[in-house]
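In what comes next, chain A is part of two complexes: it sits with chain B in the first one and with chain C in the second one.
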Partner chain A sequence: MGQLDMDRFDQDLRNALERKSPSPGFEGRLTARLGQQEHRTRWWTAWRRPPLRWAAITVVSLLLLVGVEEWNERQKELEQGQLAKDQVMLALRIAGSKIRLAQSKVQDLSQK
Partner chain B sequence: MKAGFLISIFLAATVAGAQQTIVVPESWDRLAAKADEVVNVTLDKKMLNFAARFIHADEGDKDPEVAQLISKLTGIYVRTLEFKQDESFVDSDVEPIRVQLRGPEWSQIVHVDSKSDKEKVDIYVRMAGDHTTGMVILSQEPKELAFVDLEGPISPEDLNKLSGNFGIPKNLHGKPKAGSLPVAPGGEAR
Partner chain C sequence: MALANAVPARAEASDFTLLVREHQAMVFSVAYHFLSDRAVAEEIAQDVFLELYQRLGKLQSAEHVVFWLRRVTVNCCIDAARRRKRRPEIQLEEAETPAAPTREGDPIRSERLRRLVASLPEKARMMVVLRYQEDLDPEDIAGVMNVPVNTVKSQLQRALNMLRQKAGNLK
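Let's look at the complex of A and B:
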(Lines of atoms letter the chains of each structure in order from A and count residues from 1; the text may use other names and numbers.)
(Lines give C-alpha, C1' and ligand atoms only; values in the text may rest on other atoms or scores of the structure.)
Protein backbone atom coordinates (compact mmCIF):
# COMPACT_ATOMS: atom_id res chain seq x y z
CA MET A 1 0.00 0.00 0.00
CA GLY A 2 1.50 3.34 -1.07
CA GLN A 3 1.52 6.76 0.49
CA LEU A 4 -1.07 7.96 -2.00
CA ASP A 5 -3.49 5.20 -1.02
CA MET A 6 -2.98 5.96 2.66
CA ASP A 7 -3.79 9.65 2.05
CA ARG A 8 -7.00 8.76 0.20
CA PHE A 9 -8.09 6.37 2.94
CA ASP A 10 -7.33 8.98 5.53
CA GLN A 11 -9.36 11.52 3.59
CA ASP A 12 -12.32 9.15 3.25
CA LEU A 13 -12.26 8.49 6.97
CA ARG A 14 -12.20 12.17 7.74
CA ASN A 15 -15.13 12.74 5.40
CA ALA A 16 -17.12 9.95 7.02
CA LEU A 17 -16.49 11.15 10.53
CA GLU A 18 -16.99 14.78 9.72
CA ARG A 19 -19.42 16.62 12.02
CA LYS A 20 -22.64 17.27 10.19
CA SER A 21 -25.53 19.53 11.13
CA PRO A 22 -28.90 17.76 11.56
CA SER A 23 -31.54 18.21 8.90
CA PRO A 24 -34.16 20.91 9.54
CA GLY A 25 -36.92 19.81 11.95
CA PHE A 26 -34.82 17.01 13.37
CA GLU A 27 -35.21 18.19 16.94
CA GLY A 28 -38.99 18.44 16.67
CA ARG A 29 -39.29 14.96 15.21
CA LEU A 30 -37.03 13.54 17.88
CA THR A 31 -39.01 15.17 20.69
CA ALA A 32 -42.31 13.93 19.27
CA ARG A 33 -40.97 10.39 18.93
CA LEU A 34 -39.63 10.40 22.45
CA GLY A 35 -42.98 11.63 23.74
CA GLN A 36 -44.81 8.80 22.01
CA GLN A 37 -42.41 6.22 23.36
CA GLU A 38 -42.71 7.64 26.85
CA HIS A 39 -46.55 7.44 26.67
CA ARG A 40 -46.40 3.84 25.48
CA THR A 41 -43.98 2.92 28.18
CA ARG A 42 -46.15 4.58 30.83
CA TRP A 43 -49.24 2.59 29.77
CA TRP A 44 -47.44 -0.70 30.14
CA THR A 45 -45.53 0.13 33.23
CA ALA A 46 -48.72 1.31 34.93
CA TRP A 47 -49.70 -2.32 35.53
CA ARG A 48 -46.42 -2.95 37.21
CA ARG A 49 -47.24 -0.42 39.88
CA PRO A 50 -48.34 -2.25 43.06
CA PRO A 51 -51.53 -0.24 43.78
CA LEU A 52 -52.94 -0.77 40.32
CA ARG A 53 -51.87 -4.38 40.27
CA TRP A 54 -53.61 -5.05 43.58
CA ALA A 55 -56.68 -3.16 42.47
CA ALA A 56 -56.85 -5.27 39.32
CA ILE A 57 -56.38 -8.49 41.29
CA THR A 58 -59.09 -7.40 43.75
CA VAL A 59 -61.56 -6.59 40.98
CA VAL A 60 -60.93 -9.88 39.20
CA SER A 61 -61.22 -11.81 42.49
CA LEU A 62 -64.47 -10.03 43.34
CA LEU A 63 -65.87 -10.79 39.92
CA LEU A 64 -64.90 -14.42 40.35
CA LEU A 65 -66.49 -14.54 43.80
CA VAL A 66 -69.69 -12.97 42.53
CA GLY A 67 -69.74 -15.42 39.63
CA VAL A 68 -69.19 -18.44 41.88
CA GLU A 69 -71.82 -17.18 44.33
CA GLU A 70 -74.28 -16.64 41.49
CA TRP A 71 -73.60 -20.12 40.17
CA ASN A 72 -74.05 -21.62 43.65
CA GLU A 73 -77.35 -19.77 44.08
CA ARG A 74 -78.54 -21.03 40.74
CA GLN A 75 -77.53 -24.59 41.63
CA LYS A 76 -79.30 -24.31 44.99
CA GLU A 77 -82.43 -23.00 43.28
CA LEU A 78 -82.32 -25.85 40.78
CA GLU A 79 -81.97 -28.40 43.58
CA GLN A 80 -84.84 -26.86 45.55
CA GLY A 81 -86.98 -26.71 42.44
CA GLN A 82 -86.24 -30.33 41.63
CA LEU A 83 -87.04 -31.31 45.22
CA ALA A 84 -90.31 -29.36 45.12
CA LYS A 85 -91.18 -30.96 41.79
CA ASP A 86 -90.41 -34.43 43.17
CA GLN A 87 -92.67 -33.66 46.15
CA VAL A 88 -95.53 -32.67 43.86
CA MET A 89 -95.06 -35.82 41.84
CA LEU A 90 -94.90 -37.97 44.98
CA ALA A 91 -98.05 -36.35 46.39
CA LEU A 92 -99.96 -36.83 43.15
CA ARG A 93 -98.72 -40.39 42.87
CA ILE A 94 -99.99 -41.13 46.39
CA ALA A 95 -103.29 -39.39 45.59
CA GLY A 96 -103.52 -41.40 42.39
CA SER A 97 -102.82 -44.69 44.11
CA LYS A 98 -105.52 -44.05 46.71
CA ILE A 99 -108.04 -43.12 44.04
CA ARG A 100 -107.11 -46.29 42.21
CA LEU A 101 -107.60 -48.24 45.43
CA ALA A 102 -111.05 -46.69 45.86
CA GLN A 103 -111.90 -47.47 42.26
CA SER A 104 -110.81 -51.09 42.52
CA LYS A 105 -112.76 -51.55 45.76
CA VAL A 106 -115.86 -50.11 44.15
CA GLN A 107 -115.43 -52.46 41.22
CA ASP A 108 -114.82 -55.44 43.52
CA LEU A 109 -117.92 -54.69 45.55
CA SER A 110 -120.02 -54.16 42.45
CA GLN A 111 -118.94 -57.54 41.07
CA LYS A 112 -119.86 -59.39 44.28
CA MET B 1 -84.17 -45.26 65.10
CA LYS B 2 -86.25 -48.15 63.90
CA ALA B 3 -84.84 -50.32 61.19
CA GLY B 4 -86.47 -49.57 57.92
CA PHE B 5 -87.07 -46.73 55.69
CA LEU B 6 -88.06 -43.28 56.80
CA ILE B 7 -88.87 -40.40 54.55
CA SER B 8 -89.82 -37.19 56.17
CA ILE B 9 -89.86 -34.09 54.10
CA PHE B 10 -90.99 -30.67 55.18
CA LEU B 11 -91.11 -27.82 52.74
CA ALA B 12 -92.15 -24.35 53.73
CA ALA B 13 -93.82 -25.77 56.79
CA THR B 14 -94.10 -22.47 58.60
CA VAL B 15 -96.10 -20.81 55.87
CA ALA B 16 -98.06 -23.89 54.95
CA GLY B 17 -99.33 -24.54 58.43
CA ALA B 18 -101.50 -21.47 58.26
CA GLN B 19 -103.04 -22.40 54.93
CA GLN B 20 -103.82 -26.04 55.48
CA THR B 21 -107.54 -26.22 56.20
CA ILE B 22 -107.68 -29.75 57.58
CA VAL B 23 -105.50 -30.26 60.60
CA VAL B 24 -103.89 -33.65 61.05
CA PRO B 25 -104.17 -34.68 64.72
CA GLU B 26 -101.10 -34.82 66.91
CA SER B 27 -101.63 -38.53 67.41
CA TRP B 28 -100.23 -38.95 63.90
CA ASP B 29 -96.91 -37.60 65.14
CA ARG B 30 -96.84 -40.31 67.77
CA LEU B 31 -97.82 -42.91 65.20
CA ALA B 32 -95.07 -41.62 62.90
CA ALA B 33 -92.53 -42.56 65.55
CA LYS B 34 -93.78 -46.15 65.36
CA ALA B 35 -94.18 -46.23 61.59
CA ASP B 36 -91.83 -48.03 59.28
CA GLU B 37 -92.22 -45.49 56.51
CA VAL B 38 -93.38 -41.92 56.81
CA VAL B 39 -94.09 -39.53 53.97
CA ASN B 40 -94.82 -35.94 54.82
CA VAL B 41 -95.26 -33.50 51.97
CA THR B 42 -96.15 -29.92 52.71
CA LEU B 43 -96.25 -27.60 49.73
CA ASP B 44 -97.88 -24.21 49.96
CA LYS B 45 -98.75 -21.95 47.04
CA LYS B 46 -95.32 -20.39 46.97
CA MET B 47 -93.58 -23.74 46.77
CA LEU B 48 -96.10 -25.02 44.24
CA ASN B 49 -95.44 -22.03 42.01
CA PHE B 50 -91.77 -22.73 42.35
CA ALA B 51 -92.26 -26.42 41.51
CA ALA B 52 -94.63 -25.54 38.66
CA ARG B 53 -91.79 -23.74 36.89
CA PHE B 54 -89.78 -26.94 36.88
CA ILE B 55 -92.76 -29.13 36.08
CA HIS B 56 -93.65 -26.82 33.22
CA ALA B 57 -90.09 -26.98 31.94
CA ASP B 58 -89.83 -30.77 32.24
CA GLU B 59 -93.38 -32.01 31.72
CA GLY B 60 -95.16 -29.02 30.22
CA ASP B 61 -94.31 -29.90 26.67
CA LYS B 62 -95.38 -33.51 27.16
CA ASP B 63 -98.59 -32.73 28.98
CA PRO B 64 -99.46 -29.03 29.30
CA GLU B 65 -102.76 -29.79 31.07
CA VAL B 66 -100.95 -31.44 33.97
CA ALA B 67 -98.66 -28.45 34.40
CA GLN B 68 -101.66 -26.13 34.16
CA LEU B 69 -103.59 -28.13 36.77
CA ILE B 70 -100.69 -28.06 39.19
CA SER B 71 -100.33 -24.33 38.73
CA LYS B 72 -104.00 -23.96 39.81
CA LEU B 73 -103.46 -25.78 43.11
CA THR B 74 -102.81 -23.61 46.14
CA GLY B 75 -101.51 -26.31 48.43
CA ILE B 76 -100.65 -29.98 48.60
CA TYR B 77 -100.45 -31.68 51.99
CA VAL B 78 -99.80 -35.39 52.21
CA ARG B 79 -99.09 -37.61 55.16
CA THR B 80 -98.74 -41.33 54.90
CA LEU B 81 -97.72 -43.73 57.62
CA GLU B 82 -96.80 -47.29 56.81
CA PHE B 83 -96.42 -49.87 59.53
CA LYS B 84 -94.87 -53.28 59.64
CA GLN B 85 -97.70 -54.73 61.68
CA ASP B 86 -101.46 -54.66 61.31
CA GLU B 87 -103.60 -52.62 63.68
CA SER B 88 -100.87 -50.19 64.59
CA PHE B 89 -103.51 -47.49 64.66
CA VAL B 90 -107.16 -47.24 65.62
CA ASP B 91 -110.19 -45.44 64.21
CA SER B 92 -109.89 -42.74 66.84
CA ASP B 93 -106.58 -41.68 65.24
CA VAL B 94 -108.50 -40.80 62.07
CA GLU B 95 -111.74 -39.56 63.62
CA PRO B 96 -110.50 -35.98 64.27
CA ILE B 97 -109.94 -35.62 60.51
CA ARG B 98 -113.36 -37.05 59.69
CA VAL B 99 -114.98 -34.62 62.13
CA GLN B 100 -113.43 -31.69 60.25
CA LEU B 101 -114.67 -33.12 56.96
CA ARG B 102 -118.27 -33.19 58.23
CA GLY B 103 -118.48 -29.43 57.82
CA PRO B 104 -121.15 -28.06 55.46
CA GLU B 105 -118.62 -27.04 52.83
CA TRP B 106 -117.42 -30.63 52.41
CA SER B 107 -119.14 -33.26 50.30
CA GLN B 108 -118.18 -36.89 50.40
CA ILE B 109 -118.06 -38.15 46.83
CA VAL B 110 -116.60 -41.61 47.45
CA HIS B 111 -116.82 -43.84 50.48
CA VAL B 112 -115.41 -47.34 50.37
CA ASP B 113 -115.49 -49.54 53.45
CA SER B 114 -114.27 -53.03 52.81
CA LYS B 115 -114.74 -55.03 55.97
CA SER B 116 -113.07 -58.15 54.59
CA ASP B 117 -109.91 -56.31 53.53
CA LYS B 118 -110.13 -53.88 56.46
CA GLU B 119 -109.78 -50.99 54.06
CA LYS B 120 -111.54 -47.66 54.01
CA VAL B 121 -111.12 -44.99 51.36
CA ASP B 122 -112.98 -41.70 51.43
CA ILE B 123 -112.82 -38.86 48.96
CA TYR B 124 -114.25 -35.48 49.86
CA VAL B 125 -114.52 -32.28 47.87
CA ARG B 126 -114.98 -28.82 49.32
CA MET B 127 -117.51 -26.71 47.49
CA ALA B 128 -117.93 -22.96 47.27
CA GLY B 129 -121.10 -22.42 45.27
CA ASP B 130 -120.73 -24.50 42.15
CA HIS B 131 -116.97 -24.63 42.34
CA THR B 132 -114.70 -27.04 44.09
CA THR B 133 -112.02 -25.46 46.21
CA GLY B 134 -110.29 -28.53 47.51
CA MET B 135 -110.21 -32.29 47.72
CA VAL B 136 -109.25 -34.65 50.51
CA ILE B 137 -108.49 -38.35 50.24
CA LEU B 138 -108.42 -40.35 53.43
CA SER B 139 -107.33 -43.94 53.29
CA GLN B 140 -107.06 -46.59 56.00
CA GLU B 141 -105.47 -49.91 55.17
CA PRO B 142 -104.36 -52.58 57.67
CA LYS B 143 -100.78 -51.36 57.59
CA GLU B 144 -101.16 -47.87 56.14
CA LEU B 145 -102.78 -44.58 56.91
CA ALA B 146 -102.88 -41.90 54.25
CA PHE B 147 -104.16 -38.34 54.17
CA VAL B 148 -104.02 -36.29 50.97
CA ASP B 149 -105.25 -32.70 50.89
CA LEU B 150 -105.25 -30.98 47.53
CA GLU B 151 -106.13 -27.31 48.00
CA GLY B 152 -107.44 -25.31 45.09
CA PRO B 153 -110.03 -25.55 42.37
CA ILE B 154 -109.49 -29.20 41.60
CA SER B 155 -112.50 -31.02 40.29
CA PRO B 156 -113.24 -34.60 39.28
CA GLU B 157 -112.90 -33.40 35.69
CA ASP B 158 -109.40 -32.21 36.50
CA LEU B 159 -108.56 -35.68 37.75
CA ASN B 160 -109.36 -36.99 34.30
CA LYS B 161 -106.59 -34.78 33.04
CA LEU B 162 -104.26 -36.54 35.40
CA SER B 163 -105.41 -39.93 34.14
CA GLY B 164 -102.46 -41.90 32.94
CA ASN B 165 -100.11 -39.74 34.96
CA PHE B 166 -98.77 -40.23 38.46
CA GLY B 167 -100.30 -43.71 38.68
CA ILE B 168 -103.85 -42.44 38.22
CA PRO B 169 -105.79 -44.84 36.04
CA LYS B 170 -107.20 -43.71 32.73
CA ASN B 171 -110.94 -42.99 32.45
CA LEU B 172 -111.19 -42.60 36.19
CA HIS B 173 -114.41 -40.66 35.87
CA GLY B 174 -115.73 -42.38 32.85
CA LYS B 175 -119.36 -43.40 32.72
CA PRO B 176 -119.80 -45.76 35.72
CA LYS B 177 -120.97 -49.25 35.10
CA ALA B 178 -124.28 -50.26 36.60
CA GLY B 179 -123.79 -51.14 40.24
CA SER B 180 -120.38 -49.50 40.49
CA LEU B 181 -121.54 -46.62 42.61
CA PRO B 182 -119.63 -45.79 45.75
CA VAL B 183 -120.88 -47.72 48.71
CA ALA B 184 -121.92 -46.58 52.11
CA PRO B 185 -120.47 -48.00 55.33
CA GLY B 186 -121.37 -51.62 55.68
CA GLY B 187 -120.92 -52.33 52.03
CA GLU B 188 -124.30 -51.11 50.82
CA ALA B 189 -124.58 -49.04 47.70
CA ARG B 190 -125.52 -45.44 48.24
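Let's look at the complex of A and C:
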Protein backbone atom coordinates (compact mmCIF):
# COMPACT_ATOMS: atom_id res chain seq x y z
CA MET A 1 0.00 0.00 0.00
CA GLY A 2 1.56 3.31 -1.06
CA GLN A 3 1.95 6.25 1.26
CA LEU A 4 -0.99 8.05 -0.32
CA ASP A 5 -3.20 5.01 0.17
CA MET A 6 -2.05 4.70 3.78
CA ASP A 7 -2.83 8.34 4.45
CA ARG A 8 -6.21 7.90 2.84
CA PHE A 9 -6.86 4.76 4.85
CA ASP A 10 -5.94 6.55 8.07
CA GLN A 11 -8.34 9.35 7.18
CA ASP A 12 -11.07 6.84 6.36
CA LEU A 13 -10.54 5.23 9.74
CA ARG A 14 -10.71 8.60 11.47
CA ASN A 15 -13.95 9.34 9.64
CA ALA A 16 -15.38 5.97 10.61
CA LEU A 17 -14.42 6.44 14.25
CA GLU A 18 -15.38 10.08 14.68
CA ARG A 19 -17.02 10.96 17.95
CA LYS A 20 -20.76 10.61 18.20
CA SER A 21 -23.18 12.00 20.75
CA PRO A 22 -25.39 9.85 22.94
CA SER A 23 -29.10 9.99 22.26
CA PRO A 24 -31.07 13.09 23.32
CA GLY A 25 -31.94 13.22 26.99
CA PHE A 26 -28.69 11.65 28.11
CA GLU A 27 -28.04 14.33 30.69
CA GLY A 28 -31.59 14.13 32.02
CA ARG A 29 -31.34 10.36 32.47
CA LEU A 30 -27.99 10.77 34.16
CA THR A 31 -29.39 13.38 36.55
CA ALA A 32 -32.27 11.07 37.40
CA ARG A 33 -29.89 8.21 38.22
CA LEU A 34 -27.76 10.56 40.26
CA GLY A 35 -30.82 11.55 42.27
CA GLN A 36 -31.66 7.90 42.96
CA GLN A 37 -28.08 7.18 43.96
CA GLU A 38 -28.07 10.15 46.35
CA HIS A 39 -31.32 8.94 47.91
CA ARG A 40 -29.90 5.46 48.49
CA THR A 41 -26.69 6.98 49.88
CA ARG A 42 -28.70 9.12 52.32
CA TRP A 43 -30.43 6.08 53.75
CA TRP A 44 -27.20 4.17 54.03
CA THR A 45 -25.42 7.13 55.60
CA ALA A 46 -28.25 7.54 58.13
CA TRP A 47 -27.98 3.89 59.04
CA ARG A 48 -24.27 4.17 59.53
CA ARG A 49 -24.71 7.03 62.01
CA PRO A 50 -24.13 5.53 65.51
CA PRO A 51 -27.20 6.96 67.32
CA LEU A 52 -29.64 5.56 64.78
CA ARG A 53 -27.83 2.27 64.62
CA TRP A 54 -27.73 1.86 68.38
CA ALA A 55 -31.38 2.80 68.67
CA ALA A 56 -32.26 0.08 66.21
CA ILE A 57 -30.08 -2.45 68.02
CA THR A 58 -31.72 -1.51 71.36
CA VAL A 59 -35.22 -1.92 69.96
CA VAL A 60 -34.38 -5.30 68.48
CA SER A 61 -32.76 -6.42 71.76
CA LEU A 62 -35.82 -5.35 73.76
CA LEU A 63 -38.11 -7.21 71.41
CA LEU A 64 -35.95 -10.29 71.79
CA LEU A 65 -36.01 -9.99 75.59
CA VAL A 66 -39.78 -9.63 75.66
CA GLY A 67 -40.08 -12.61 73.35
CA VAL A 68 -37.85 -14.73 75.55
CA GLU A 69 -39.80 -13.75 78.68
CA GLU A 70 -43.06 -14.64 77.02
CA TRP A 71 -41.67 -17.97 76.00
CA ASN A 72 -40.43 -18.72 79.53
CA GLU A 73 -43.84 -17.86 80.97
CA ARG A 74 -45.52 -20.14 78.53
CA GLN A 75 -43.13 -22.97 79.39
CA LYS A 76 -43.90 -22.51 83.11
CA GLU A 77 -47.62 -22.64 82.45
CA LEU A 78 -47.20 -25.82 80.46
CA GLU A 79 -45.13 -27.39 83.22
CA GLN A 80 -47.68 -26.45 85.88
CA GLY A 81 -50.45 -27.83 83.75
CA GLN A 82 -48.59 -31.09 83.33
CA LEU A 83 -47.99 -31.30 87.08
CA ALA A 84 -51.67 -30.77 87.81
CA LYS A 85 -52.56 -33.42 85.29
CA ASP A 86 -50.12 -35.87 86.88
CA GLN A 87 -51.61 -35.23 90.31
CA VAL A 88 -55.12 -35.83 89.04
CA MET A 89 -54.02 -39.11 87.44
CA LEU A 90 -52.38 -40.19 90.69
CA ALA A 91 -55.51 -39.34 92.66
CA LEU A 92 -57.59 -41.34 90.24
CA ARG A 93 -55.24 -44.32 90.50
CA ILE A 94 -55.35 -44.16 94.32
CA ALA A 95 -59.12 -43.82 94.27
CA GLY A 96 -59.31 -46.70 91.82
CA SER A 97 -57.19 -48.97 93.98
CA LYS A 98 -59.19 -48.07 97.10
CA ILE A 99 -62.42 -48.89 95.29
CA ARG A 100 -61.03 -52.25 94.19
CA LEU A 101 -59.96 -52.94 97.79
CA ALA A 102 -63.43 -52.06 99.09
CA GLN A 103 -65.03 -54.28 96.45
CA SER A 104 -62.86 -57.25 97.38
CA LYS A 105 -63.73 -56.82 101.10
CA VAL A 106 -67.43 -56.69 100.26
CA GLN A 107 -67.06 -59.86 98.23
CA ASP A 108 -65.25 -61.58 101.09
CA LEU A 109 -67.98 -60.61 103.54
CA SER A 110 -70.75 -61.77 101.26
CA GLN A 111 -69.01 -65.15 100.83
CA LYS A 112 -68.79 -65.72 104.59
CA MET B 1 -12.96 23.83 30.16
CA ALA B 2 -9.94 24.28 32.34
CA LEU B 3 -10.01 23.60 36.03
CA ALA B 4 -7.54 26.05 37.41
CA ASN B 5 -7.31 24.35 40.78
CA ALA B 6 -8.23 20.96 42.16
CA VAL B 7 -11.97 20.38 41.99
CA PRO B 8 -13.60 20.91 45.39
CA ALA B 9 -14.44 17.83 47.42
CA ARG B 10 -18.20 18.09 46.89
CA ALA B 11 -18.63 18.93 43.26
CA GLU B 12 -20.91 21.76 42.46
CA ALA B 13 -23.74 20.50 40.30
CA SER B 14 -22.89 23.04 37.64
CA ASP B 15 -19.25 21.91 37.46
CA PHE B 16 -20.32 18.34 37.04
CA THR B 17 -22.88 19.27 34.40
CA LEU B 18 -20.22 21.16 32.46
CA LEU B 19 -17.93 18.15 32.59
CA VAL B 20 -20.69 15.88 31.35
CA ARG B 21 -21.47 18.20 28.48
CA GLU B 22 -17.85 18.51 27.53
CA HIS B 23 -16.94 14.84 27.67
CA GLN B 24 -20.09 12.84 27.03
CA ALA B 25 -19.32 12.43 23.32
CA MET B 26 -15.84 11.17 24.06
CA VAL B 27 -16.95 8.63 26.67
CA PHE B 28 -19.96 7.47 24.70
CA SER B 29 -18.05 7.15 21.44
CA VAL B 30 -15.24 5.08 22.91
CA ALA B 31 -17.84 2.68 24.29
CA TYR B 32 -19.91 2.70 21.11
CA HIS B 33 -17.03 2.10 18.73
CA PHE B 34 -15.70 -0.62 20.96
CA LEU B 35 -18.96 -2.45 21.64
CA SER B 36 -21.00 -1.50 18.55
CA ASP B 37 -24.07 -1.29 20.76
CA ARG B 38 -25.58 2.12 21.33
CA ALA B 39 -27.72 1.15 24.32
CA VAL B 40 -24.87 -0.55 26.16
CA ALA B 41 -22.54 2.31 25.28
CA GLU B 42 -24.96 4.79 26.85
CA GLU B 43 -25.28 2.69 29.95
CA ILE B 44 -21.52 2.52 30.29
CA ALA B 45 -21.24 6.26 29.73
CA GLN B 46 -23.75 6.87 32.50
CA ASP B 47 -21.93 4.53 34.87
CA VAL B 48 -18.67 6.31 34.15
CA PHE B 49 -20.15 9.73 34.90
CA LEU B 50 -21.81 8.50 38.06
CA GLU B 51 -18.43 7.27 39.18
CA LEU B 52 -16.91 10.60 38.20
CA TYR B 53 -19.39 12.38 40.43
CA GLN B 54 -18.16 10.42 43.42
CA ARG B 55 -14.51 10.91 42.56
CA LEU B 56 -14.40 14.54 41.53
CA GLY B 57 -12.86 15.72 44.75
CA LYS B 58 -9.86 13.47 44.15
CA LEU B 59 -9.10 14.60 40.61
CA GLN B 60 -6.38 17.17 40.34
CA SER B 61 -6.93 18.95 37.06
CA ALA B 62 -8.83 19.06 33.80
CA GLU B 63 -6.21 16.81 32.20
CA HIS B 64 -6.52 14.36 35.05
CA VAL B 65 -10.29 14.28 34.53
CA VAL B 66 -9.85 13.40 30.87
CA PHE B 67 -7.26 10.75 31.62
CA TRP B 68 -9.44 9.30 34.36
CA LEU B 69 -12.53 9.26 32.11
CA ARG B 70 -10.68 7.47 29.32
CA ARG B 71 -9.18 4.90 31.64
CA VAL B 72 -12.42 4.10 33.43
CA THR B 73 -14.31 3.95 30.13
CA VAL B 74 -11.73 1.57 28.68
CA ASN B 75 -11.93 -0.71 31.72
CA CYS B 76 -15.73 -0.70 31.72
CA CYS B 77 -15.82 -1.50 28.01
CA ILE B 78 -13.42 -4.39 28.29
CA ASP B 79 -15.37 -5.77 31.24
CA ALA B 80 -18.61 -5.47 29.28
CA ALA B 81 -17.08 -7.24 26.28
CA ARG B 82 -15.89 -10.08 28.47
CA ARG B 83 -19.33 -10.42 30.00
CA ARG B 84 -20.86 -10.66 26.59
CA LYS B 85 -18.25 -13.18 25.39
CA ARG B 86 -19.34 -13.11 21.86
CA ARG B 87 -18.51 -11.17 18.76
CA PRO B 88 -20.15 -7.78 18.95
CA GLU B 89 -23.05 -7.54 16.60
CA ILE B 90 -23.34 -4.31 14.74
CA GLN B 91 -26.70 -2.75 15.37
CA LEU B 92 -28.67 -1.64 12.38
CA GLU B 93 -27.80 1.97 12.10
CA GLU B 94 -30.10 4.25 13.99
CA ALA B 95 -29.94 7.92 13.20
CA GLU B 96 -26.56 8.91 14.51
CA THR B 97 -25.85 12.28 15.92
CA PRO B 98 -22.32 13.39 15.11
CA ALA B 99 -20.75 15.30 17.95
CA ALA B 100 -19.02 17.61 15.54
CA PRO B 101 -19.76 18.57 11.94
CA THR B 102 -19.49 15.37 9.94
CA ARG B 103 -16.23 14.92 8.15
CA GLU B 104 -16.35 14.15 4.53
CA GLY B 105 -16.26 10.50 3.72
CA ASP B 106 -18.12 7.59 2.30
CA PRO B 107 -20.67 6.50 4.90
CA ILE B 108 -20.84 2.98 3.50
CA ARG B 109 -17.09 2.61 3.65
CA SER B 110 -17.14 4.05 7.17
CA GLU B 111 -19.71 1.50 8.22
CA ARG B 112 -17.67 -1.33 6.76
CA LEU B 113 -14.55 -0.09 8.47
CA ARG B 114 -16.42 0.05 11.78
CA ARG B 115 -17.43 -3.57 11.30
CA LEU B 116 -13.84 -4.52 10.62
CA VAL B 117 -12.69 -2.71 13.74
CA ALA B 118 -15.42 -4.48 15.71
CA SER B 119 -13.98 -7.82 14.61
CA LEU B 120 -10.57 -7.11 16.16
CA PRO B 121 -9.53 -8.71 19.46
CA GLU B 122 -10.54 -6.59 22.43
CA LYS B 123 -7.28 -4.90 23.31
CA ALA B 124 -6.27 -4.24 19.72
CA ARG B 125 -9.76 -2.87 19.04
CA MET B 126 -9.52 -0.45 21.93
CA MET B 127 -6.07 0.67 20.79
CA VAL B 128 -7.40 1.43 17.32
CA VAL B 129 -10.34 3.36 18.81
CA LEU B 130 -8.09 5.42 21.06
CA ARG B 131 -5.66 6.06 18.21
CA TYR B 132 -8.17 7.10 15.58
CA GLN B 133 -11.04 8.50 17.58
CA GLU B 134 -9.02 10.26 20.25
CA ASP B 135 -5.79 10.82 18.29
CA LEU B 136 -3.71 9.43 21.12
CA ASP B 137 -0.04 8.53 20.68
CA PRO B 138 1.07 5.01 21.57
CA GLU B 139 2.57 6.38 24.79
CA ASP B 140 -0.76 7.90 25.82
CA ILE B 141 -2.61 4.73 24.85
CA ALA B 142 -0.17 2.73 26.97
CA GLY B 143 -0.88 5.01 29.93
CA VAL B 144 -4.65 4.77 29.57
CA MET B 145 -4.68 1.01 29.07
CA ASN B 146 -1.87 0.34 31.53
CA VAL B 147 0.15 -1.77 29.10
CA PRO B 148 3.75 -1.37 27.91
CA VAL B 149 4.32 1.05 25.04
CA ASN B 150 5.94 -1.62 22.88
CA THR B 151 2.86 -3.81 23.30
CA VAL B 152 0.72 -0.95 22.03
CA LYS B 153 2.97 -0.33 19.07
CA SER B 154 3.13 -3.97 18.00
CA GLN B 155 -0.58 -4.69 18.51
CA LEU B 156 -1.57 -1.49 16.79
CA GLN B 157 0.66 -2.23 13.84
CA ARG B 158 -0.69 -5.73 13.47
CA ALA B 159 -4.28 -4.55 13.75
CA LEU B 160 -3.79 -1.82 11.18
CA ASN B 161 -2.11 -4.19 8.76
CA MET B 162 -5.05 -6.53 9.08
CA LEU B 163 -7.56 -3.74 8.65
CA ARG B 164 -5.78 -2.36 5.61
CA GLN B 165 -5.64 -5.76 4.03
CA LYS B 166 -9.30 -6.45 4.60
CA ALA B 167 -10.32 -2.91 3.72
CA GLY B 168 -8.43 -3.25 0.48
CA ASN B 169 -10.82 -6.04 -0.38
CA LEU B 170 -13.82 -3.81 0.23
CA LYS B 171 -15.12 -2.32 -2.97
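A few points about this structure:
Please note the rule applied: the second predicted complex is superposed on the first by the 59 of 112 C-alpha atoms of A that agree within 3 Å, B and C clash if a C-alpha of one lies under 4 Å from a C-alpha of the other, contacts with A are read in each partner's own complex, and residues count from 1 in each chain.
Definition applied: a residue touches a chain if its C-beta (ideal position, glycine included) is under 8 Å from a C-beta of that chain, and two chains touch if they have at least 3 such contacts.
Computed from a predicted structure; not experimentally measured.
Legend: residue contacts after superposition of the two complexes on their common chain; A:37 is shown touching chain C, with no touch to chain B.
Within the superposed three-chain model, A:22 lies in touch with chain C and out of touch with chain B [touch as defined at top].
In the superposition on chain A, A:103 makes contact with chain B only, while chain C stays out of contact range. In the superposition on chain A, contact is made by A:14 with chain C only, not with chain B. Of all the residues in chain A, the ones that touch chain B in their complex are 80-85, 87-103, 105-110.
Against chain A, in their complex, chain B makes its touches with residues 9, 11, 39, 41, 43, 47-48, 50-51, 53-55, 58, 70, 76, 78, 80, 110, 112, 114, 117, 119, 121, 123, 137, 139, 141, 146, 148, 150, 159, 162, 165-169, 172, 177, 179-183, 187, 189.
On chain A, the positions that touch chain C within their shared complex are 1, 6, 9-24, 26-27, 29-30, 33-34, 37.
In the complex of the two chains, the chain C residues touching chain A come out as 17, 20-21, 24-26, 28-29, 32-33, 38, 41-42, 45-46, 49-50, 53, 96-100, 102-106, 109-111, 113-114, 117, 128-129, 132-133, 163-164, 167-168.
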